[in-house]
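Below are two complexes that have subunit A in common, paired first with subunit B and then with subunit C.
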Partner chain A sequence: MTTLRETIPDSIEIPRPNPISRLLTAVLGVFDYVFEPLEKRFGFQRMAYIFLLPNMLIFGIFILLPMLLNFYYGFTAGDSILLGNRRFIGTDNIAKLLDCASIFDPSTCNQDRFWRGVGNTGLFVVTEVALIVVFGLITALALNRKIFGRGFFRSVFFYPVLLSPVVVALIWKWLLQQDGLLNAIIIGAGGTRVPFLLDGGWAQFWVIVIGAWAQMGFFTLILLAGLQSIPPDLYEAGQIDGTNPLTSFRFITLPLLMPTMFVVLVLSVIRAVQIFDHVYVLTNGGPGSATLYIVQYIYTTAFQNRNYGLAAAASLLLALVLMILTVFQLRLGRRVDAA
Partner chain B sequence: MKSRGLFFLLIALIVLSANLAAAQDAVELRIAWYDDGNEGLVLQDLLDRYMADNPNVKVVIDTIPYPDLDKTLQPQVETGNAPDMARVTDVSRYKGYYLDMTPYMGDPEGWAATWPEAIINWMRSDASDTGLYGFMTQATVTGPFINRTLFEQAGVDIPAGDSTWEEWVAAAQQVAEAVSSPDNVVYAVAIDRSGHRVWGPALSMGAKFFERDADGKPIMDDKGNVIFTADSPGFRAAAQMIVDWHTNGLTPAEVWVSAGGQYASGRDLFTNGQLVLFMSGSWQVGALASTIGDLFDWEAIPNPSGEGGSTGMPGGAALMAFKDTDHPEEVTKLMEWLSSAEVHREFVERALFLTYHKTLTEQGVDYQTDLPSAKKSLDVFLAEIPKLSDDAWVLQTARNSFALNIGIRERLTQAITGELTLDEAIERIQQDVDEQRASS
Partner chain C sequence: MAQPVSSKTYSRPYAEQPRGVLAFLTRLQGGTRFTTTDIFTYLYLIVGTFVMFAPVLWLVLSSFKSERGLVEFPPTLLPYWQQTVEVEGYDQPLELYDVTLEDGTVKRLAQVARVGIMARLIDPANPEAEPVQVNINQRQAVRYVNFSLQNYQEAIQKFPFLTYLGNSVVVTVAATVVTLLINSMAAFGLSKYQFRGRDTIFLIILSTLMVPVSVILIPAFLVINEVGWVNNLMGVIIPGAATPTGVFLLRQYMLTIPDELLESARIDGATEWRIYWQIVLPLAAPALAVLAIFSVMWRWNDFLWPLIVLSRTELFTLQVGLNAFQGDLNVQWHYILPMTVLTLLPITVVFAFLQRYITTGIATTGLK
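Here is the complex of A and B:
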C-alpha cells in the first residue's frame, strides 16, 4: 500500500519551507495520525470518500433527510408532526391540489389559495426577472463607462444587497403604509392618501419593485464582471469597421455577454420562485391573497392551518417545477455555450 | 511536567465537585411563557419570592413571542422535549401530553373545586379523564371598547347597554363623521382580525355553528371533533356586517385587509384616538391603561345584543404542566403555590387580568390601577362572564374549532377584498373546516 508521500517522485525537488509553512505542516501533520491508518485500511483511491464524508453527513442530515421526510409527509394526513402518528393517505393531498376546473380561475379549484399563489408567483417571476435583467444590464453598462464617481455608484447600487430582506421590508413598509412617509408627502402636496399596501394592484406592484430593487445590485455586479471580461480590442476593431455604439452593443457586447446573462437569468428565476421573506414582512400575502406566493402558501398551510401533509405535497409540486426549470435551463445553457 | 499534571488534575476536581454540588442542590424548572402586557414581570417577581423560600428550586422563564408560541412548543412537546410548564391559549392542542398532578397534590379535590368545571374539563382528554393538569393564569372575555371622549366631543349619546350592533355602529359612525378631519381620519369601528373575535357578535346575532343531540351535547364525529357548520342566518348577518363596514369605509382597512395571513388588532388605532368603537377583549385593558393612560376616557361596554342574546367569547391563558418533566413533585408544588388564592390574587391584580378562580370571583379583586377607565372596563368584562353562552364555551374548548377560527379570518378577508363573494367565502369556510376534520 503506497502512502501519499511515497507517490511523489524523487526527481521533483521540494523547495525548503519557510517557518510559517513548517508550522502549518506540523499542525496539519496531526491529521496524519488519523488519515494514515484510514489510508492503509481503505486504500489511496477510496480516501476521496473519506474526505467527502463530513460534507455528505451534513448534506444528508440537513438536506437529504428533510427532503425525504417532506416526501413522506406529502402522502400522510394528521395534525401531529410525528411520523408514527400520521395516517398514510397515498396521493390524496396531491390530487386535492390538482383538483381544478380551470387553473386560470382559482375559485374553480379545490385549493383556490394554492392556485392563487401559483398565479401570483408566475406573475412575480416574469416581471421581477425582466426588471432585474433589463435594469441590471442598463446599470452595468453605465457603471462600465468611465464616469465620475464610478466606485461610489457601484457601491450605492450594491448596497441594498447587503441588507437583510426583513430590514428592506420594514424600511419600505415605513415609507408605504397608510400613514407612511410617501403618503405624508402626497398629503402635504395637497393630494389624498394612496392605498399602496391596501390595494391588491398597488401591493403587487410594490412587492415586485422592492424585490427587484433589493436584488438588482447583485446581478448588476455579475453583469459588470461579464462586461469587463470582453476584450477592448474587439470594440477597437469594430470601430475600424464602422460600428456605432448601438451596433457594437448589438453585435459585440450582447453575444459575448450572453453566457453571463444566462447565469443572471437562471439565478434570478430561482430566487424569484422562492420569494418569501420580504413579502412576509411587507404584506404577509395581503391584501386578501394579492401577494400570496407559493412558498408563503406552503408556510401558512403548515404552520397556521396545521395541514402539514397538504403543505408538504405543495412543496413537492414546487420542487418538481423547479427541477423541470433547472433541466430546461441547463439544456438551454449548453446550447448557448455551444453557440 | 509533573506540576502541570497536578494543576490540571486540581482544575478537573474543582469543576467536577462544583457540578456535583449544583446537581445535588438545584432543581431547574423551565416555563415557556408569552407576554401581552406586564404579566411576565409580575410572574418573575412572584417566582423570585418562591425561589427565595425554596433555594433548591430555580425557575427560568423562556419568553416566546405569542405568534411563535405553538410553532415552538408543538415540536418540543411531540418529541418529548417539552418545558416543565407552558402558558398556552390553545389548551386542547396538547391534550395527552400534560402532567396529571393529582398524585403529587396535597389536596386535589380542593384544587378541582377552585376552578369552574368547564375549565377543568377543557384540560382533560375525555369524559373518563379525572386528571388535573394546570390552571388558568387569566380569564378573558371578548367585548368592545369605546372612546368616550370622542362621543362627548361629537355630542352623540352613548347607546344603552342592551343596544344591537347596528345601533352601536350607527352611533359610532355619527361620532366619526363629526370628529374626523382630513389630517386625522377617525373610523367608526374595528374588530380584531380573528375568527374568534367574530364568533361573539355572530352568536349574539343568532349564529348556530353546530347542532346538538337529544342530550344537548354537540354532535361530534368518530374522532371526537365537533361537526361545525359555517352557514347559518346569524353568521351570514355578522359576516355581511363586517364586509359592509369595509365597503362603507367605516373601518380601517389596515386591520383586516392588509394584515395578510395573520392576526391583527385595531389597538394602535384606538390608542391613537382614531377609532370610536374597538371590538377586542379584556386582555387589552392592561395595555390600554399603560399606553392611553388618562389621555382620553375609554371604557369597555357590554357585548351588543341580538337575536342570539348578548355574548362574548370566553378564553384565557392556562399554565399547563407537561408530563416530560423530570421533577413532577416540584412542578406540582410550584403550580399549587402559583394558583393559591393569595398568590393568584396578586398576579391578576397587578397584571389587570380577569380570573376564573372561584374564591377570587366570590371575594372580588382590587385591581392595582388608579385609572377609572381600566377599573370600569374590568368590571364590565367581569359582568360579561356569567352571560357567556353555552355555544361560546363549546367553540372555545372544541379541539378542532381553530379551523373555523382561521377559516373565518382568511375567507372573510377574501370576501372583503372582492376575491370571493360572501356565499363563496362561507362555502370555503365550510370546506376548510371539513378538510381539517377529515385530515386530523
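Here is the complex of A and C:
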C-alpha cells in the first residue's frame, strides 16, 4: 500500500479515508480473492470484460432483450404474456391501431382511445413545453441577475422537481378538489364553484399546468448554466456599441443561448411525450378520456385489458416517435453547434 | 487563494460605497440604486416563490387539521381543533361550545348530544344541572390552533405506512449501492482498457439513453415474470440498476484520470481490482456522489415500474401505497395528507443539505 501511494504524482490528491470509505474499502477488498485468480488466468487486459460483465448482464436482460421482444409482441396476438402461447398475426395490431375512417376524428377509429391519447399527448406536449420554455427562460434570466438571496430563490424554483409525481398529484388534488382552497378563494371573491377535476377542459388545463410546475425548475437550471457561460465581456462590448437591455438580450443573450434552449426543448419534449405518473394519480385519464395520454393507453391496454399485442404495437409507434425526435435532436444540435 | 478583483469595484474607492443592510440589498447591477428591472425581477421572484411553495405549504398546514377541520368549507388557514373537556359521569371528553342563550348572554357549555338541528349541552362546572337545548346555529365551537400529530400517529397505526417506508428504503438503498458498483465497474472497463468491441458496447449503451421504461413495459414485465421477480423487491431494484446515464457520466469522469497512475500501480504489483477500488473509485468520488444523489431521487420517486411489478400490498413502496389509498372512493384525507407529508419529507431534508451539489450536478451533467 505504501509503495502504491508513493507512485502517485503529487498533483493528484487522494481523498483522506473517512469511516464510511474505510468500511467500503474493507468490503470491496474481499472481492480481491475473487478477481485475483481470474486475472492470473486471463491476463490483466481481459479483466475489462469482467468489469463490464455485471452491468452488461443486467443491461442485456432487462433493457436490450425487452427492446427486441417488443417487436415480437407487436406482431402477435393472444391474452397470454408467455411467448409460446401467442400466435403470429403480422402487422394486424398496427393496422388495427391505424384503422380510421377519418384521421381528423378519433371517434371514427377502431381504437378511438388510442387516437384520443395521441391527440391529448400532442396538445400536452405543445402547451407544457411552451410553458416550460417561456417561464423557465424568464426565471433563469431573473436568477442570473445580481440579486439578493439568489441561492434561496434558485432552490425555491427547483424544489418541486424533487417531489415524486405521486406527491405532486396529491398536493394539487387537495388544492383543486370541490371543497378545496382554490374553490374557497373563488367563492370568497364572489365566483361560483368550478369543477376543476370533473370537467374535461379544466382537467386538461390543470394537468398541463401541474406538469410545468413540477418540471420547470430542472430546465431553469440548465438555462441558467447556459446564461452563465456567456462571457460578460460581450455585454460590455455591446454597451460601448450602445445596446440597451432589450437589444443586448435580442442580439447577445438569445443567439448565444440557442444551443442550451435547444437541449431544453428536446429534453422537455421527450419527457412530455411520456407523461404518465402525475396524471394517473390526479385524474386517472378522466373525466372520460380528457386526460388519457399515450403511456396510460399502453398501460391500461396491457395490464388491465391484457391485450399485450396491441399495447406493444402502440409502444413501437411511441418508440418510433421518440427515435425520430432523438435523430432530429442530433441533426439540429450539430447545426446549432456549427453556427 | 485571493479572489481576483474586478476592475469595476477597484475603480470606486471603498469609502464611497454605501454600507449596511440597505446598501447590501440595493447593491445591484454593479450600480447603487434600484432600477425598474430590479423591481420587476423581485416581484417576479416573490410571486414565483409563492406559486412554487404555497401548494406544498398548504398541504403541510392541512395535514395537522382534525378530520372535521378538513371538510370545513371555506377552510381555515391554520389547523384548528375542537376544545374538549372531561366531565364526570361521561366516558368521552365532551366538546365545548360558546352558546348564545335566549336572554342574550353567552355561556361556555359542553355538548352532550346532538339530534338534528338541536343540541343538548350542560355546564361542565355543574354537570348535575338541567341540560340546555339550543338550535345548533346558536352555538359556536370553541377551537384552538393545534399542530397536532394525531393524524400522523393514526395514519402510521392504521395503514402499513412503516412497511411501505421500509420497502422504499430497501429499494432506494439497495438499488443505489448496486447502481454505483456495477456502473462504476463498467465505466472503469470502458475508460481504462483497450479491447475489441469497446466502442460498440459504449454506443449501444448510449443509444438506449432515450429509451424510457414506458416503451418496453410489456416485454420487461415478461422477463421479470420469467425470472420469478413479480411481487419481489428484486424486480424493482435490479432492472433499473444498469443505467446508461450512470455509465456515461462515470466514464466521462474516469477518462480524466491519467493512465500513468494505473501503469505505475501495475508495476508495483497491484491487481486490476485493487486499482479499481483503491485508485479509480476514490478519484471518481465527485462523479459517484452526483450519481448517488440522482439514484436516490430516481428510486425514491419511481412509480410506474413498481406499480407493475408489485401487486401485493405488503410489498408496496411509498409511492405505490400512497396511490392505492388515494384511489379509494372515500378518500380519507386525514390519513392521506400526513402520509404525503411524510413521503416528501426525506427528499426535502436531503435537498436542504445537498442542494448545492444537486443543482450544480444537474447544471453540469444535464441529467435528472
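Quick notes on this one:
Throughout what follows, the second predicted complex is superposed on the first by the 282 of 339 C-alpha atoms of A that agree within 3 Å, B and C clash if a C-alpha of one lies under 4 Å from a C-alpha of the other, contacts with A are read in each partner's own complex, and residues count from 1 in each chain.
We take it that a contact is a pair of C-beta atoms (placed from the backbone, for glycine too) under 8 Å apart; a residue touches a chain by one contact, two chains touch by 3 or more.
Here the structure is a predicted model, which is why all the values come from computation and not from measurement.
Applying the stated contact rule after C-alpha superposition, one finds that A:Leu163 touches subunit C and leaves subunit B untouched.
In the superposition on chain A, contact is made by A:Gly286 with subunit B only, not with subunit C. Once chain A of one complex is fitted onto chain A of the other, the partner contacts of A:Thr300 are limited to subunit B, with no touch recorded for subunit C. Taking subunit B and subunit C in turn and counting the residues of subunit A each one touches, the greater count comes from C. Legend: residue contacts after superposition of the two complexes on their common chain; A:Leu82 is shown touching both subunit B and subunit C. By the document's definition of touching, of the two partners only subunit B reaches A:Leu197; subunit C does not. By the document's definition of touching, of the two partners only subunit C reaches A:Gly188; subunit B does not.
Legend: residue contacts after superposition of the two complexes on their common chain; A:Leu28 is shown touching subunit C, with no touch to subunit B. Once the two complexes are laid over each other on the shared chain, residue contacts for A:Asp112 go to subunit B alone; subunit C is not touched. Look at A:Gly238: by the touch rule set out above, it reaches neither subunit B nor subunit C. Residue overlap on subunit A between the subunit B contacts of one complex and the subunit C contacts of the other covers 81-82, 187, 280, 284, 303. For subunit A in complex with subunit C, the residues that touch the partner chain are 3-4, 7-9, 12, 14-15, 21, 25, 28-29, 31-32, 34-36, 39, 44-52, 54-56, 58-59, 61-70, 72-73, 81-83, 138-139, 142-143, 145-148, 153-167, 170-175, 179-181, 184, 187-188, 213, 217-218, 221-222, 224-225, 245, 263, 267, 270, 274, 276-277, 280-281, 284, 295, 298-299, 302-303, 308, 311-312, 315, 318-319, 322-323, 325-326.
If you check the complex, the residues on subunit C that touch subunit A are 24-25, 27-30, 37-38, 41-42, 44-45, 48-49, 51-53, 55-56, 58-59, 62, 71, 73-75, 181-183, 185-186, 188-190, 192-195, 198, 201, 204-205, 208, 210-212, 214-225, 227, 238-242, 244, 247, 258, 260-261, 264-268, 270-274, 276-279, 281-283, 285, 297, 300-301, 303-304, 308, 319, 322-323, 326-327, 333, 336-337, 340, 343-344, 347-348, 351, 355, 358-359, 362-364, 366, 368.
Residue ranges on subunit B touching subunit A, taken from their complex, read 71, 74-75, 78-79, 182-183, 252-254, 257-262, 402-403, 406, 410, 413-414, 416-420, 424, 428, 431-432, 435-436, 438-440. Of all residues in subunit A, those touching subunit B in their complex are 77-82, 85, 96, 107, 110, 112-113, 116, 177-178, 187, 195, 197-198, 200, 203, 280, 283-292, 296, 300, 303-307, 309-310.
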